[in-house]
Structures are given as structure tokens and as C-alpha cells.
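Below you'll find the structure I mean.
A, B, C, D, E, F, G and H label the chains in the order they appear, each numbered from 1.
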Amino acid sequence: MADDPLVIAGREFGSRLILGTGGAANLAILEQALLAAQTELTTVAIRRIDTTGGVAGVLDLLTRHGIEPLPNTAGCRSAAEAVLTAALGREALQTSWLKLEVIADDRTLLPDPIELLDAAEQLVDDGFTVLPYTNDDPVLARRLADVGCAAVMPLGSPIGTGLGIRNPHNIEMIVAQAQAPVVLDAGIGTASEAAFAMELGCDAVLLASAVTRAEDPPRMAEAMRLAVQAGRHARLAGRIPQRFWARASSPDR
Amino acid sequence: MADDPLVIAGREFGSRLILGTGGAANLAILEQALLAAQTELTTVAIRRIDTTGGVAGVLDLLTRHGIEPLPNTAGCRSAAEAVLTAALGREALQTSWLKLEVIADDRTLLPDPIELLDAAEQLVDDGFTVLPYTNDDPVLARRLADVGCAAVMPLGSPIGTGLGIRNPHNIEMIVAQAQAPVVLDAGIGTASEAAFAMELGCDAVLLASAVTRAEDPPRMAEAMRLAVQAGRHARLAGRIPQRFWARASSPDR
Amino acid sequence: MADDPLVIAGREFGSRLILGTGGAANLAILEQALLAAQTELTTVAIRRIDTTGGVAGVLDLLTRHGIEPLPNTAGCRSAAEAVLTAALGREALQTSWLKLEVIADDRTLLPDPIELLDAAEQLVDDGFTVLPYTNDDPVLARRLADVGCAAVMPLGSPIGTGLGIRNPHNIEMIVAQAQAPVVLDAGIGTASEAAFAMELGCDAVLLASAVTRAEDPPRMAEAMRLAVQAGRHARLAGRIPQRFWARASSPDR
Amino acid sequence: MADDPLVIAGREFGSRLILGTGGAANLAILEQALLAAQTELTTVAIRRIDTTGGVAGVLDLLTRHGIEPLPNTAGCRSAAEAVLTAALGREALQTSWLKLEVIADDRTLLPDPIELLDAAEQLVDDGFTVLPYTNDDPVLARRLADVGCAAVMPLGSPIGTGLGIRNPHNIEMIVAQAQAPVVLDAGIGTASEAAFAMELGCDAVLLASAVTRAEDPPRMAEAMRLAVQAGRHARLAGRIPQRFWARASSPDR
Amino acid sequence: MTVTVNGQCWELPDGSALVDVLSRLGTPPRGVAVALDGAVVPRAFWAGTALRDGASIDVVTAVQGG
Amino acid sequence: MTVTVNGQCWELPDGSALVDVLSRLGTPPRGVAVALDGAVVPRAFWAGTALRDGASIDVVTAVQGG
Amino acid sequence: MTVTVNGQCWELPDGSALVDVLSRLGTPPRGVAVALDGAVVPRAFWAGTALRDGASIDVVTAVQGG
Amino acid sequence: MTVTVNGQCWELPDGSALVDVLSRLGTPPRGVAVALDGAVVPRAFWAGTALRDGASIDVVTAVQGG
């Protein structure tokens, strides 16, 4: 059924599911998952070459299937670290698109709002197309859009927890005030939560662990692909209002 | 991606979404919704011919598209009423399949557990394939299966409320003890709830108002079709466990 | 602050917390918990004398503190068993008050709706003041009141699970239709849930495990006493409506 | 039952309920509510004298009952505004204690994380005892404690919404990492939510609208007083664990 | 004689059979069921089922619902 | 004769009455109820109730529970 | 000279001091604070603080709120 | 001279350029970026960038993550 494409920074995407590549047991499984998800954009991390197996592996895989890599700044703790990592990512992948992460600590992996906003401002000024991973604070989301981020990517819950969308009210407030596309990023554990994100009005969903660490990653990728479409259509279709008392769906006898 | 068919009373269904026909503004919209839902089984009510417009309309529509009609006993208040209505439905539609409803009152449209179990027992003895609409009580669900119902169809919330699945714990207990297929029936308001029903372990979802009374019924039917598939795959794919603290999806720096 | 007394079968109670005696490590702890709870009515089970330690212990304790014992039919699986146990309880304790339980299985300890209603009808006819432990089905609750039960006691969740009130919507429907006092029975795990039960409009709360199996039973009993009062006052005080957007509590600058 | 006092900046409070004075229809009702709440600390706003009725009214009231006033910076939009308002409050009330609010917009009344942290740092350096109203971001809460705030006061939901605690997981993370007392501030609508805040491990609860805008403010104040005590005791008493299946509280038959 | 058809009173000539009611109703060839005094009468028996004065007849079909 | 008391077999002299079982049990003066072959026997009738061979007796009281 | 007091324009004789504004306002003996051109002036300095033409004065107190 | 490459110490002949490090690493023709003393050096400048003793070089690429 017809739907508008997702548009970020003037670029159109047919898929509203962005898959992260982290956590997959191996490239073969990752490849099946990426194909089942039918994603057009996928995150990659930037690391020293000798610290990783299969250096070129993931890039070749993405190139082979025409999936756009989105470098991230995962693990950066300060604006300065993130800005350097962003520059390296741009040079390595020849793209100005960036998933910006500035993490406050390893236990929560939550963004540091001050460092994140600082980094976002610098990177936007430097010509990056910045997609920041942020918490679900409507104020920070608005300020990130105000400094020129191409989208805002609030979490549903902390990275890898699978706790789903813990505060739908915040996501609804972010969507209601959004000056930029809203991508629900992090916390999704299962398909119904991805559908729910879209029903709340998000423009897309970004997830990794929910698929790559599932028992059957390709099948979960398929589930997420269907769920994002389902939630998007449900949002557009105009759901029935909630009622306290029942209403019959058959005529009176 | 491969999946087992839904099997009820030895009969296989490729679709795990059962759409009710009630509440549609007209047959044209209903037809589009049925096709978008790709349902193979759909409920109809039994009423006096002169009390309804378009008598033959709905049956012709179902025949034209090869969709199996499932007569219901909507509006019946006693086992006796339901048994007579069931017999009329069998004669009119030449099918022994039946969605059994015995309602206690108009305000909640909740089933009367005593009358429902009584009717189910009589109808099973009379050779019907009985699919009872029941509340979410695991005990009543088990007793309905014990008397020979071909499936049990617990509600998520009262008919037409769109309140979703109010007590997932009860649905999980019903699934854990199920001797027969479990069909989540009534209360679904949007796609994520249909996906959630499947993730809880239900074998199928039955809904009407959520689609027929949505602003765009065909699109919502499409959303529900995708959501049921998404939830089914997610259940089979083995979701990640929930964690209190975060877990990184990128390697350490 | 002033409040009407709880009235069941014409009898007034100053306390709206009914404490069950089951699960306490010993009588000394039970005594402290009962006093902290300031309960006026407490459940006891009926068992063969040689199958239990401290036969007379619990009765003497209740007598000493002027707490009314409420015999139950815990563990009964059929109306017949429950009726005999009720008669024995009445003879042993010289009271016609009864907490009626008819359980369907050991795993869920959920009531069997058919046997429960049957037993309730017989016992009301036999002059008992019947307080049935029921599930949260508004229809069964209404039918129990219709046959003359002095109160209805729906569960929040299964006995001993500590899952709280899993379906507030059902409890609200029961309260809205109530012909008799509503006592939330079973499932409460902590104080906020007891307060919530009262806010939903319940007239009283019955609990045992949440107190007797807590690490510090007397303190939890105190917590429950305060919580039931808090929830009662909150219900009477008329809470503020929920709003999507904020509303300042300070004047503009 | 015995409990430790609440200690903030070395000062002990017997009450763990902090009541805001905003929103009361008149001083008489406010007085009854303050007495019913038995609060020892209460917030006041700082405004131009000719913009308000009953200038001295609220202060005299607090003095009469020995309730400590806590000036706030409600309505301030920047660190600079908040710092000046704080200085005026200190001069007017001769106290260095301050409820720091730096709001981002009128629609959400959510704090601006950057301005808030900036103001907090300046005011701590200037010798204020700073109690910041913050969102429920565990990172911002930790940074506020790191710069020397005497407590952190995360919201449950936006001011005046009565939406309760929308993200208990965040509150639990804040409590788990807390270097300073945690006061749940804003969003509480009814008593069970205040109890829940304490069960999550908060040290105190601050609320205004829930009491002052209730239909019966003194009774709701009483409810909140009891609820905060109930939740505190429940937290200390060690609640039973949650279980999927039931556990009997009566011995086997 | 007088019979009740779906709640309405009908005058019928004596000796009328169930089938006469149905033909007068213009009943479609399929999707219809009939109850005579609360018992279902299969289509095969419509012609052979004579009506008594005061008989109550219900003619039903499938409609949208449920 | 042989009777069953709370599930255990007891040998009693012929002509024993219900009260004999209870005294042997050392039943407390209150808080106890007795069922003989599934029917409650009020305390007032214990003395007057003769036992037959094979009788089944249940003696119960209140314990913590519920 | 002209000064602004809580947003309103006041005419004052030359040589007026901050204390003159406050006495004209009938300021209560406690619970009040004053900012002159955005800086707090402690009560002890009200008398000794001369006003310039165009000065901006804010006089605040505690009200219900928060 | 001694330089640090991705955290390890390397001995290089004097006059070495950045490109020498990369060829020794067998760097793939694409997907790689280099930072010299914390500043990115575009591939076009690798050959022309001389190394000083104590220089710190980071060579990175894209890996699964995020």
C-alpha cells in the first residue's frame, strides 16, 4: 500500500528500518539479517584496523548489496573524541553522514546531553549530516534540531536492554514538536515495540541487538521489517478511539 | 520466511488473521479491507432477513473471493438462544464451524462463563466445530478446551473498546496451558497490539472494529496483516532477554 | 480525617485492611503484623487437627486481640468440598461468615467460576455470609452479588504472585456495577498497589503473603495499613485530571 | 514504626513529603493542606510585590506554623535569570536553600539541561544549597550531584500533568547511582504514585498541584502524607518477589 | 389462518405450507435458514411442512457482524 | 470395631461414641468441628452419636491460612 | 528624575535614594528583596543607595508557587 | 626514529613518510582513515607527510557496530 518515502537531509529512503551491524555472530548471519530487513542504511563503528577481525568484511558486504554505511561515534565520551572520530569516519567512508553518539558511562550507555549538543553543533558547522543518538528528553531533542541536526534519534530505553519504549509520552512530545525526522533508536526488544514506535509517530526505527542477538537473527529482521511497515500503516490509517465500555460489531438481534 | 500453517480442527490456514465483517460502512470498503487483510476466514452474524439491508451481499462477497464464512451467535444471552442461532447458521451457511458468543450484558459485552460453557458442551455434542469467544480467565479457557472446543478465543479487552491486551499475564497462562489453538479475539485497537498477541504465543488474532471502524479500513487491514506476521516471526525468532543495565552493540574503542 | 466505616452485611469495620494469617514464619511475627495492620477481620484455614502444629495457637491469638476470624475454604476444588468445609468452619468458629474459595488447579490457584457460583448459591441459601474470592471478571462478580454474596473479592493477580493489579480496567468495571462491597483480594505485592486498589474504588483490601512473606512482616503490615488509608482518602479527595501538556503551579513572572 | 530522618545538606527532616504552595484556591485551604501534609519544608515563588495579591500572606502562614520556606526559580528560562532570582530569594527569605528550576518552554515546563547545569554550578559556588528540579535522565542527575547539588529532584512526568511516574526504570537508575538524596518532583497525581516513588527508592516526594488542585486539598494532603510513609516502609520492609505462577498462603488440605 | 413471520402477522390460506411463506418472501436459493416454532426446518422439508394457525416462523440469513 | 480418624485407622471397643474419639484426641474445648461420614456433628451431639464399624471421622480446627 | 519600579515609570525628586521607593511602596519589614539595575541590594544598603535617572528597580517577595 | 602506530611502538628509518607506515600495514585501498597526532590526514597527503620522531599515528576503518 502506498506510503511517502522517509526523507532525511533531502535524501529519500524506501525503508523506514535502519539496522545496526553490531552484535552479529558472523558476517554470514549479518548478511542474511540485512537482506531480510531490507534496510538501505546501516551503522558501522570506526576502530583501529589491527584491533578487529575481518577489517574490510563489513564494508564489502554493504557495498555488495548497495546498503549505505552510516559511521557512528560509538564509545566516545567527549565532544572532542566524537569530532575526531567523525572526521575519521568521513575520510574512511567518504560520507558526511554520521550517527553521533557521546556516551556518559558504560553502565547506562546513555548520552551526555552537554557533550552531545556541543559535538552536534561543531559537526553541523563542519558540514556533517548529523543524526544524534539522544535520550528521550523533548527539550534536548528540540535543541539538537535547532542546531541543525538532520534528524533526532531518541532512545526507547538504554542500548541493548530490550526494555522497549519506556516513556511513550516523551516520544509523543518529541514527535509533536519535531522540526526534523524522529528515529526511535535503542531499546527495542521485539517487533511489537518497533510497530508501537511508528504508531507514536516516529519516522523510522533504528535497532541492532534486537536482531543480531536474537536466536534467529534473519527471522527477527523479517519481523522488524514487517513491524515497522505495520506500525507506519496503522499510524496513517487512523486507529479507533479507546472506550471504557464495549461497542458491538454485530447488529442488534 | 517459512512458517507452519495455522491448524484448527485439522484444517490448515495460511493466514493467522481472522477478520470480522461487522462495522464496515459499506460492502465496497469491506471488500477492500478483506483483500488487504488476506484473511481466509471471516465472521458473519445471523439475522432475520427483513431486518437487514443487502441480505445476500456479504455472502456473495465472501464467495467471490473464496473466503470462508464463520457464523457467530453475536447478541445471544443464553445457551438456549445460542444453540438455536448456531443451528440456523449451520443450515444457512452449510458449515458446522461456529464462533460461539454468549453475552452477559450490553454494556460490557463480556461472555457469561456459565452459559458459555453450557452452550459449548451442547454444541460440541451436536457435532459443531466450536470456537468460543471467552474472557481471559485461564480456567474457563481450559474448561472450554476440555469439553472439546476446537480453539479458545480469549479477549484482550471488551469488544470495540480498542483497549488492547489489558492482561498479558492471563494470555500467557492460557497459552502455557493450551490444549487447543489460542485466538486473541476482541479489544485490539492498533497493529502493535496484534503483533504483541502473537509474541505472547497466540496462534492467531481475530478483530473487526479495529479495521472496519478505522479512518482508512483497507490500510489498517494491511497493517494488521503485517503485524500478525511480524509478531509471529518475532515469537519464533527468540527475542533478546530484558536487562536492567545497558549492553553495547559496538566493540570497545 | 473522617471516613465512613466499611459495612459488610450490616456490620461496620473501622479498618479497610483484611489480613490473611497464612505464610507467617511463626505466631510471634504474625501477632506483630496483625497489630501493625490494625485489622479487625482476618482469614483462617480449616484443617484436620493432627495435620497442624499449634492447633489452638492462632485462635487464641485472635481472641486475645479481639480480631474476628474469617474461616476460608482454601484448597477446595468443588462446590461439595467447599460446602462441607464451610459447615465445619461455622461449627468450629461459631460464625456464619465465610471466605469462599473454590480453586481450579494448584498452578494458578484461580477460582473455578462454575463451582464457585454453585457453592455461593448453596451457602447463601444455608444462611452463610459469603465473601467469595473470585477472578476479575465483572460478569462473575455481578452474578455472585446477584445470588446474595455479602461482598465480592476479585483478585488483582494470582495468589502469592505479587504481580499487583494486572487489569485495573476490570476492577473499575466491577466497581462501577457493584451491588455489594468490593474487596481486592490476592496479588498485592507492595503498598502502592494496595493504595491503587482503593483509588480504583474498592471498599477494602485483603492480603496475606505480601505481609507475612516480606522480609519485615510487621513493617510491611504498617505500610499496608497506611497505604489503604492513603488510597481511600485519595479516592474521596477527587484527584486532578491527567493532562498531556504541563500546567504551571507557580504564577507567571 | 521507626525510620531514619531525611537528611539534606546535613539538616534532618521528620517528614519525607515536601509540599509546594502553588495552585491553592486561597490561603485558608492551603493552611489546612499544609497541616494535613505535616510537611516541614514548602516551596514558594519569588515575584514582584505589586503583581500579586496577599503579598505577605503565605510567609506569615509558614512562619505561624514553623514550616520552612524553600524559594524556587519557577519560570526562569536561563541560568542568568535563575541566578538573579535565587539571589533575590535568598535576600528576601534569608535562606541559602533553593529549589532551582530553569524551564525550556511553557508547553512542557521541562528543564533545559544545559542552562540548569550551568546555573547549578554557579549557585553552588555562590554558597547556595541547591535542590534542582530535573528531568529523569540519570546522566544529568549524576552531573548535578557532581557539581555539588544537595539533592536531585527528577520528575515523574511534566509539572501539573498528573501522569505519575512515566519511567520507573530511569528513577531506579538514578537511585542506584545517587550521590545525593533523590526527591521525586512533579507529575504525581494520586497517592499510589507517591507511595510508588518511595518504593523505587526515592528519599522524599515533592508535589503541589496533586494536592492544591484536588477537589478536597486537605484530604488529598492527608492521603499523600500517608502514602509517602507507606511507600517508605514498604521499601524498608523488603517486598516479596514477583512470580509467574501462584503460591498458596494456606497449608495443603 | 394467521402466522407470525419474523415478528410480523401474516394471513395465509388454510393448508399453506412453509414453502409458501418463503416463496412469498422471495427467499434467495442459498444462505437462508428457517425456524418453525423455535426448531430449524431444513430446506428439504419446507415443501412438506404444513403450517398451523398461530405458527411462528423465523427466516434468517448471514449479515455483516462479529 | 475399626474407624478412620483423620485418615488413620483406629481400633475402638464396640459401642463407642463420637465423644470417645474426641476425648482420646484430647480435643480442646473450643475451635474444633467434627464430621462423621461427611456430615457435621455439632458438639452437643458428640456424646449421643454412636459409631459404626468403618465410620469415617474428621476432626478439624482453624489454622493459619488464606 | 524617572525610574522604573517593577515595570512602571515613577517620577522622583532628584537625590532620591532606594529607601524612598520602598517606603512609598509601603514595603513590609520582612520577606522583601530589591534589585537595582539587575543586582541585589541588601536591606542594609537601601538608605545609602542613591538613584540615577533611568534606574530600574525590582521589588520582590515570596508568593504561593512551585 | 620511533613512532606510535595504533598504540604500538615502531622503529622507522629517518625521513619516513606516512605512506610508508600504511604500506607496511598493507592498508586496503579503501575504507581506511589516518590521524597523525590527532588530526586527520587525507589519503592524498599520505605520501607528502613526513614523520617526526615520537609521532602518533592512528589507522582506522569501519567495523560492525552501533
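Following the convention adopted for this analysis, contacts are C-beta pairs under 8 Å (C-beta built on N, C-alpha and C of every residue); 3 or more make two chains touch, one makes a residue touch a chain.
As the structure is a computational prediction, the values presented were derived from the model and not from experiment.
Steps from chain E to chain F, minimised over paths through touching chains, total 3.
Taking chain C out of the picture, touching still joins the other chains into one piece. Touch-path distance (fewest steps) from chain B to chain C is 1. Note: centroid distance chain A to chain H, computed from Cα atoms, is 32 Å. Separating the CA-averaged centres of chain D and chain E is a span of 73 Å.
Note on chain placement: the centre of chain B and the centre of chain H lie 64 Å apart, centres being C-alpha means. Of all residues in chain B, those touching 2 or more other chains are 20, 22-23, 45, 47, 51-52, 72, 74, 107-108, 110, 163, 169, 208, 244, 249-251, listed in ascending order. Of all residues in chain F, those touching 2 or more other chains are 63-66, listed in ascending order. Touching chain H in their complex are the following residues of chain B: 249-251. Residues 1, 20, 22-23, 36, 45, 47, 51-52, 72, 74-76, 106-110, 158-163, 189-196, 199, 208-210, 212-220, 222-227, 229-234, 236-253 of chain A are the ones touching chain B in the complex. Residue ranges of chain E in contact with chain B, taken from their complex: 6-8, 25, 27-28, 30-35, 38, 40, 42-43, 58-66.
Of all the residues in chain A, the ones that touch chain H in their complex are 20-24, 30, 43-52, 54-56, 58-59, 69-72, 74, 84, 87-93, 99, 101, 208. Residue ranges of chain C in contact with chain B, taken from their complex: 104-105, 107-108, 110-114, 117, 135-140, 142-143, 157, 163, 166-167, 169-170, 173, 177.
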